[in-house]
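Labels A, B, C, D and E are assigned to the chains in the order they are written; within every chain, residues are numbered from 1.
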Amino acid sequence: MIEDLVVAFLTRYNYYMAVIIMLIGLYAMIAKSNLIKKVIGLNIFQTAIYLFYISIADVEGGTAPILVPGTDVVYVNPLPHVLILTAIVVGVSITAVAYALAIRIYQSYGTIEEDELLELGSERR
Amino acid sequence: MKRWAALLTVIVVGALLLWAEGDMPAFGDPDAPAHAHVAPRYIEEGAEETGAANLVSAILADFRSFDTLGEITVIFTAGVSVILLLRRGERL
Amino acid sequence: MRENVVIRTVTRLAVPFILVFGLYIILHGSSRAGGGFQGGVIVASAFILIGIAFGLDETQRRIREKVRTIASILGISIFIGIGLLCILFGANFLGYAAIPLPLDTPWVRGLMMEAVEIGIGITVMAVMTSIFYDVATKEEGE
Amino acid sequence: MISEHLPILAVILPLVGALTVLLAGWAERRYCYPVAVAVLTIQFGLSLAILREVLRGGTIHYYLGDWAPPWGIELVVDHLSAYVLVILVFLSLLSCIYAKRSIGGEIDPQKTVAFYVMFLLLVVGVCGITVTGDIFNLYVFLEISSIAAYTLVASGREKKGLLAGFNYLIMGTISACFILIGIGHLYVVTGTLNMADLARLLPPLYDSTIIHVAFIFFIVGLSIKTALFPLHTWLPDAYSHAPSAISVLISTVISKMGIYATIRILFSVFTVGFIVDHLPILEFFAWVAAIAVIAGSVIAIAQTDLKRMLAYSSVSQMGYIMLGIGIANSVAMTGGVLHILNHALIKGCLFMVAGAIIYRVGLRKIDDFKGLAGRMPYTCAAFFIAAISMIGLPPTVGFMSKWYLTLGAIEAGEWFFVVVILASTLLNAIYFWRVLEYAYFRHADAETPELESRVPVSMLLPMLVLAAGCVVFFFAVSIPLGIIDAAVADLLGGA
Amino acid sequence: MATIHSIVPACAVLVPLAAAVLILLSRRHEKIREGWTILAAAANFLIVLSLLPQVLAGDRVACTLIELLPGLDMAFRVDAFGMIFALVASGLWIVTSIYSIGYMRALREHALTRYFFSFAVAIAAALGIAFSANLVTMFIFYEILTISTYPLVAHTETEEARKAGRKYLAYLITAGVFFLFSVILTYFLTGTTDFQPGGILAGTGPVILQQILFVTFLIGFAKAAWMPLHGWLPSAMVAPAPVSALLHAVAVVKAGVFGIVRVVCYVYGIELTAEIGMGTLLAVIAGATIITGSLLALQQDNLKQRLAYSTVSQLSYILLGVALLTPMGITGAMLHVPFHAFMKITLFFCAGALIVAAGVEYVSDMKGIGRRMPVTMLMFSIGAIGICSLPPVCGIISKWYLVLGAMQAHNLAAFLVLITSSVLNILYFFPIIHTAFFEEPESGREGVREAPLSMLVPLAITAVGSVLLFLAPDVAFLRLVEVAIGELTGVLP
């Protein structure tokens, strides 16, 4: 039983790692009060997803999918790399927008702590 | 309160993912379905068909180039977003 | 920091190399590791470095702003243009093979991919720089 | 020659339009608006042409780069896509027309250019989602429209809009990440990203936990996007603090886009075989939707701010549509899909009215609306018609969707849902009638401030068009029904 | 029995609607606006009248407007029973219009455009209900009627009026929901919603479902003000008198009972209703409402409230007549629709005249008012006598048939209820007449004169009309009822 688990873990450890990193990011996104930390959490979350995708692509003994002369070269699956390239760009874009928003919030409210922002918001009501 | 909500979310999401990960094909398994369906053609014929040795580029700029168009639209959108949010006092 | 001679000198020396490296990455996308995104970001980093080292000079920025905007439009336009060109020659959108060049199909494809990568590179470079400048600029009166 | 390229043009046109607006605005800021309207008008014609093509020749497949799927990306336009596309483009057009004057007081004039560019980019994303047949492509376009939406929500002068935008961004990104995780898991087990290919490859794998988990992540992610109760937390702030034209846009276009994506994933990727026969997941979905219908309405009753009330009403209405889909027989689904049209008309109109009231007299609290009908007769008339349609009374199209939903629930033997659908009528009546009573049957205590002399035509016309639409589609309901029947048959075809 | 296709029924509905639009357009010109109202009322009555010969000949006039949903048309079909309701509604609209103008001018009421607009829409809806060929069409106009009469109820915009308006809507929209449910369930069970003389529901669905459906139909027709769903009617009396007169004595409440009769006779069919025991249920409800309504009317001091409770009670006459499920009973019920309308509208007109001319709203304030306003109170007496089923007013005819029906059904309880109710009617009406004519007037009423002619003439017309209907019942209504009964029982005249 334990052995099975260990084997399961050892053969899939990077999926598990990706999951753990995802969870860290997700926790930060929800629980952190500082808006910048939320964005950092968001980045961690996304990075973990990249890791997940890249793990999917891996083939044992494979090399980067750039053709080299030779017949029995094993290449890793190129498709997830492409997807993740796209996802990275999306992540960068979202981060940029998030920081821009955070900057504007700081300019308008003078703080980026969510608790204080909520208080300020309710006072104005 | 918020912390507990976050923790709960994390636990649920984590449990789901870990549950699924147990069924995943082993890391690096060359027989995984992911490598069996669409990918082989990219690897075997992609270079000849597109003239690019870099298969990632071949897919990025040819097979799935529409994704890439979407992608630079995303980044363009982000650029305009930042302009819209932050730039002041100028035209544009 | 504005007065830091070391940083300015190093920047002056490094920027040409960064730019060349970035262009190399963009242009070698189809045969070696590289591509429009990566190269574009590298080129952008050169401009960002200039901004950090020399300050966001107002006048300089005005010129750059126009260039950046045009560049970002240009990049996407190259991409869309190639796609529409393919339609014009009777293929589907982005069906590079239809473009009548006196070359074999893989070569045409490769060439078009290269053009697309350049488009991507230009846009990414322009937008990244633009984002950096916008985020780094303080609001007036602050 | 053009006709075979219509699907891709539906994505490219607004993108080129966005670039054109940027250039035009660079030359002269006031050129932006006419260019944007012109682009959207052409886009509307284009979407109608697509609809005609689909009605004439059935589903359109378009292989990008001439690569056959699953290797390349495929655009698929079936009846549902074409139907949703026409609605969304039409609403975008109207809210763009509406934006001209309404953003005057809400957005810095320097930002006008970027605003319209953003507006068109949002349309790019939305149109991309409706026509694509590839799940990763769907994700990319989802992000385009989402980023545009986050920014547009925060683009106004109102400070709270920023916070609303930020929260929307966080929730939206969680949702997008969930969808990305779902896509990854599907790719792991199938090796493909094409929707039709996935639908073909999935059935033997239905027992795999990976599929189940992927499904859950898709559904949760999409539910956040559609703001299905209890994942709606971002919605009220985003809707109520955005500039009015953007409230209109996101309440109609973005929410419908989420619904469309949900239907696509449920029925075109996982197919009826999975969601109905294999797992009782739709049953669960329907229950959540039913709770959303009631909870959204109840919270809406408690609101004092008109835009906020409308926002919670949206939560309830999204539940309505989802309920129709969750019941999953053809009649109820017809009701749900018809309600997409209905809700787009209604909510567009109502948010336009709310914006016009703010524009004209600067009021947003319902208690301040005393005697408003006398001062803004056309606006209040539009509100009245839209409210009637929301309550579901004839002669408005709201009646038709309610008819189908109820009939579908009866056919399914789900008496509880029948009660929910009918009870929501009453709840809707309560909160809308309160507004109408204030507007029509109370005298103003004192003279409320008059910000502008009158509501400009560019704001009045779109809302009257939408209000008229509510009535017209009651009598001409056979037009959308013809499309919807085919769409529903497509979706349930696998059963 | 032939079916004639004609657009005339649609015209009857569209004319008031067109008038409503014209009223809205001419909102700045008082005279023109009122001119449209009268013109439309007259035209409308003529249109309805033009259909009369065909209907009397046993033909039906049908008109399909538009196919709403597959198999569900928005369609009109004029039969004898619908004709009765349409004649009453359109005919009384003319007098009420004239009366309204006088009433509103005398009280210098506000928002008259809204008033006349809503009024015209309400009439259109009433005609739509009368002519509707199926449940869906009926539902559509039923809801339009609800919405369009709300502004009339809440017209004065006082807190009381708004409250009454809310109550009105709360009852009627809830009822509408039940009605909608019933329509959809009917459609689900039968695949159609057309009215058929023999009913459409027979042989579909389990009995329990049909029983539940019957109950939801009844709740759906809360406009019929049967107890305990009558609460909206007395509070709606805050509306101006012409509204109370036409809508709450004629159009709205009659639409409710009309609907119930339609459902019993044309959806369920007499036999099925009897078979599933729902006739008894309806009879019990109706009987209880008759007695309780009368008793409650006794306690009211506000004249319009008393009339409202009287309406509640009288409406259930019609329900009781139908519930007896005998030809005679149904004849009585159908006859009572127009007869009660004529009598009750007279009473409400008089109540309005009292308000305008003397500011009197309470029975206790009416001492000696008959000496100051003899015409008004004379007409009031005629109406009251009619309601009490005494000659020479038409009320006795319908009552006669109802009693015959009760006997035909061997229903002693119904018989007793009818008799008791007549006694109660006398008990609550005669004190009013007594107070008005025979008690000493209070001081300060010396200057009180009759109401303006524009009010007096209409109420005289309706009062005389109710007497004429007694003298010559078979001019129109009795013959129409005979046609309808013939159709229902399969025996054509």
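By definition in this document, contacts are C-beta pairs under 8 Å (C-beta built on N, C-alpha and C of every residue); 3 or more make two chains touch, one makes a residue touch a chain.
Keep in mind that what you see is a predicted model, and the values were worked out from it rather than measured.
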Any chain that touches subunit E and subunit D: none
Closest chain to the centre of mass proxy, which here is the mean CA position: D
Far-end chain from subunit B, centres as C-alpha averages: E
B-D or C-D, whichever has more C-beta pairs in contact: B-D
Remotest chain, subunit A as reference, centres from CA atoms: E
Distance from the mean Cα position of subunit E to that of subunit B, given in whole angstrom: 69
Cα-centroid distance, subunit C relative to subunit D, in whole angstrom: 35
Centre-of-Cα separation between subunit B and subunit A, whole angstrom: 11
Subunit A and subunit D: spacing of chain centres that average the CA atoms, whole Å: 28
Contacts with 2+ other chains: residues of subunit D: 15, 22, 26, 64-65, 136, 140, 143, 147, 150-151, 154, 181, 187-188, 193
Multi-chain contact sites of subunit A, meaning residues that touch two or more partners: 22, 26, 56, 66, 79-80, 83, 85-86, 89-90, 93-94, 96-97, 100-101, 103-104
Numbers and ranges of subunit B residues touching at least 2 other chains: 17, 22, 24, 32, 34-35, 38-39, 42, 53-54, 56, 58, 60, 62, 64-68, 70-79, 81-83, 85-90, 92
All pairs of touching chains, each written as two labels joined by a dash: A-B, A-C, A-D, B-C, B-D, C-D, D-E
In the complex, subunit C residues that touch subunit D: 69, 73, 76-77, 80, 83-84, 86-87, 91-98
Touching residues (chain side subunit E, partner subunit D) in the complex: 66-70, 74, 114, 139-140, 143-144, 146-147, 151, 154, 157, 161-162, 165-166, 169, 173-174, 176-178, 180-181, 184-185, 187-188
Contact footprint of subunit C on subunit B as seen in their complex: 48-54, 56-58, 60-62, 65-66, 68-69, 71-73, 75-76, 78-79, 82-83, 86-90, 92
Footprint of subunit B on subunit D - complex, ascending: 15, 22, 25-26, 29, 64-65, 67, 70-73, 108, 110-111, 113-115, 117-118, 121, 124, 128, 134, 136-137, 140-141, 143-144, 147-148, 150-152, 154-155, 181, 185, 187-193, 201, 208-210, 212-214, 216-217
Subunit A residues touching subunit C - in the complex, by the definition given at the top: 64, 66, 85, 88-89, 96, 99-100, 103, 107
